[in-house]
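Chains: A, B, C and D, in written order; residue numbering restarts at 1 for each.
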Amino acid sequence: MVSELHASEWLNSDKALSLADFHGRVLVVEVFQMLCPGCVSYGLPQALRIVQTFAREDVAVIGLHSVFEHHAAMTPVSLRAFLHEYHITFPVAVDAPGTGAMPRTMAAWGLEGTPTLLLFDRQGQVRARHFGTVPDMGLGAQIMSLVAERDGAL
Amino acid sequence: MVSELHASEWLNSDKALSLADFHGRVLVVEVFQMLCPGCVSYGLPQALRIVQTFAREDVAVIGLHSVFEHHAAMTPVSLRAFLHEYHITFPVAVDAPGTGAMPRTMAAWGLEGTPTLLLFDRQGQVRARHFGTVPDMGLGAQIMSLVAERDGAL
Amino acid sequence: MVSELHASEWLNSDKALSLADFHGRVLVVEVFQMLCPGCVSYGLPQALRIVQTFAREDVAVIGLHSVFEHHAAMTPVSLRAFLHEYHITFPVAVDAPGTGAMPRTMAAWGLEGTPTLLLFDRQGQVRARHFGTVPDMGLGAQIMSLVAERDGAL
Amino acid sequence: MVSELHASEWLNSDKALSLADFHGRVLVVEVFQMLCPGCVSYGLPQALRIVQTFAREDVAVIGLHSVFEHHAAMTPVSLRAFLHEYHITFPVAVDAPGTGAMPRTMAAWGLEGTPTLLLFDRQGQVRARHFGTVPDMGLGAQIMSLVAERDGAL
C-alpha cells in the first residue's frame, strides 16, 4: 500500500485531487520529469495512448511531475508550457518538495527514477510499477485485467 | 459464427489442427500473405508479440496463409522458407484452394484482404476481426478481456 | 545574405561566436525551442547526426535557441538543463530579445518557426533553409555538395 | 576493381544491362534476397529513397538478387511478384547460378551476405561497399561526394 500523493500544485485540474477520488476506477499514474528524454519519447506518449484506448469510466490517467534534479529548470511555469506544447490534458500533480533533492511522493513511494508508471486497482491498491519502458501490448493487457476485476472485486 | 478452417497443409505443426482444438483458450488467427508488405511489417510482428505477451495456456496464435493473388509466387515451398527467415514458429495453415482466386477459408469467412486478425473466445466464437493495422495497446486489452472471461463463461 | 547572429548568451562555448568564425567550413544552424516537440523529436537528433557524420574540419553545427512563445518557460536556466539531459554538446546561441515576441535574429532572418535548419557555405552565404522536417539522405547529400565546393570556391 | 555483373535474367528492364551502361553516372547496386528480413526492412527501402533523392542523370540504382539459400523459395516467379508488391521499379538482375550455393556475381565480388550496398563512381570503379545497415545521412553524403567528382574526374 502506498501513501497519499503529496502535490504542491495541480495542473489541468480545477481542484486538488487525491487517490481516493479515483476509487472505483483503475488509475494510471505516469511519474515524469519534463526534461527527461525517456519520459518525453516513451512514457508520456504511452500515457496518452492509454487515455485514447480505455473508457474514462474505467481508467483514469494522471501525471506526477517528480523533479529530483535540475529543480530550477523545471518549475511549474515551464511545466505548464510543456504540457501545452505536448498536448497533455490529463491532470498533473506537481510532487511536493521533500527534505532532500527527491520530492516527497517519490521518496515515500520509493521510486527509482523517471519515467515510472504505476497501476492502481479499483480499490486503490498498487498492482504494478514499471520503471523505464514497457511494451504497449502487455501494458494494455495488464490494465484490462484490472478493469475486468469490476464485478468480482467490488 | 464462422465455418471451420480449411487447410490444404499445416506448417510448424506435426498434425492438422481444427478450431475445436483451441476451445478453452483464446485463439488469435493472423491471416496473411507472405508477399503482403503490411503483413510483413505489421501483422506478423504483432502476432509474434502476442505470443510473447500472453501465457500459452490462455492464448493460442496461429497463422492462415490465404493467397488470393500471385499464387505461383507464394507456394508452400516459398512459405516454408519465409517462416524460417522471419522466425515464425507458431502453426500456419495453408488456406485450401477455392473455386476462384480467393482461397476457401478466406471466402467462407468473408475476409476483405490481408493482414486480418481474428479473435476467437474460449468457446470458439469470433469476437473481433481487424483488417489492416490495429494498435498494440488496444489489441492487448481486447485479448485480455477475452482471457478474463474464463470463470464466468466456462 | 543574412545579417549577423545576435546572441544574448552562448552555452557550450567559452566565448561568444560570430558567423565569421565559421568561414572556411560549412555551417549548420539548428534553430529550435527546447519545448518545441518537432525540435526535440526531429530537429535536434538530426543535428546530432550531422555532427557524427561529417568531419569537424568540414562541417560545424551550432544551435540557435529562438524563443517566440512561452518566454518565461524557456529561460537559459532551463535550456542549460535541457542541453545536459539531451546530450547536446555543440555551441548554442540564445537568440537576443527583439522588439516583440520574436527574438532578434529570428526576425532579422525572416524565419517561420521551429525547427528550422540553415546551411551556410564555406564563404558564409546561406544556401538552404528547411522549416520542419527534411529527410536525412537528402540533407546529407546537400551538406556534402557544399563540402565539395572546397577547392573550386576558395 | 570488380568483375562484370552476371545475370541470368533482368526484371524491370527490357534488355540485359552491364556495368558499362552506367558509366558517367554514379551506380548504386543493392544486393538482396527477397526473403531476407534486413533487405525488406532496411536495404530495399533505402534504395528506393536513393532513387527519390538523386537526379536520374547523376545516380542510377539497380538491384542484384543474389540467392545463396532457399533457392527453390526465391525463384524469378516469386521475385517478380515481390517487386510488384513492394513497388520496386528499378532494374533488378537475377544473379546467375554459381558452382555452389552462392551465385556467380556474389562469389566473384566476394560479398559476405545480404543486404549489401555497393557504390560505383562515374568511371565504374567500386568505391564503397556496405554489408548490413548504413545510416541515410552518411550514405547520402557518400553518394553526393561521388556525384560531385563530375567535373574533375571526367
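Basically, contacts are C-beta pairs under 8 Å (C-beta built on N, C-alpha and C of every residue); 3 or more make two chains touch, one makes a residue touch a chain.
All of these numbers come straight from a predicted model, not from anything done at the bench.
Under the touch definition stated at the top, subunit B and subunit C share these contacting partners: A, D.
Each chain gets a centre from the mean of its Cα atoms; the one farthest from the centre of subunit D is A. Separation between the centroids of subunit A and subunit C, computed from CA atoms only, is 35 Å. Between subunit A and subunit D the centroid-to-centroid distance comes to 50 Å (mean Cα coordinates, whole Å). With touch defined as above, subunit A holds no residue shared between interfaces to two or more other chains.
In terms of which chains touch, the assembly is arranged as a closed ring, every chain touching its two neighbours and no others.
In summary, the structure contains touching chain pairs A-B, A-C, B-D, C-D. Put simply, subunit B touches subunit D in their complex at residues 35-37, 40-41, 69-70, 72-74, 77-78, 80-82, 84-86. Interface residues of subunit A, counted against subunit B in their complex, comprise 46, 49-50, 53-54, 135-145, 147-148.
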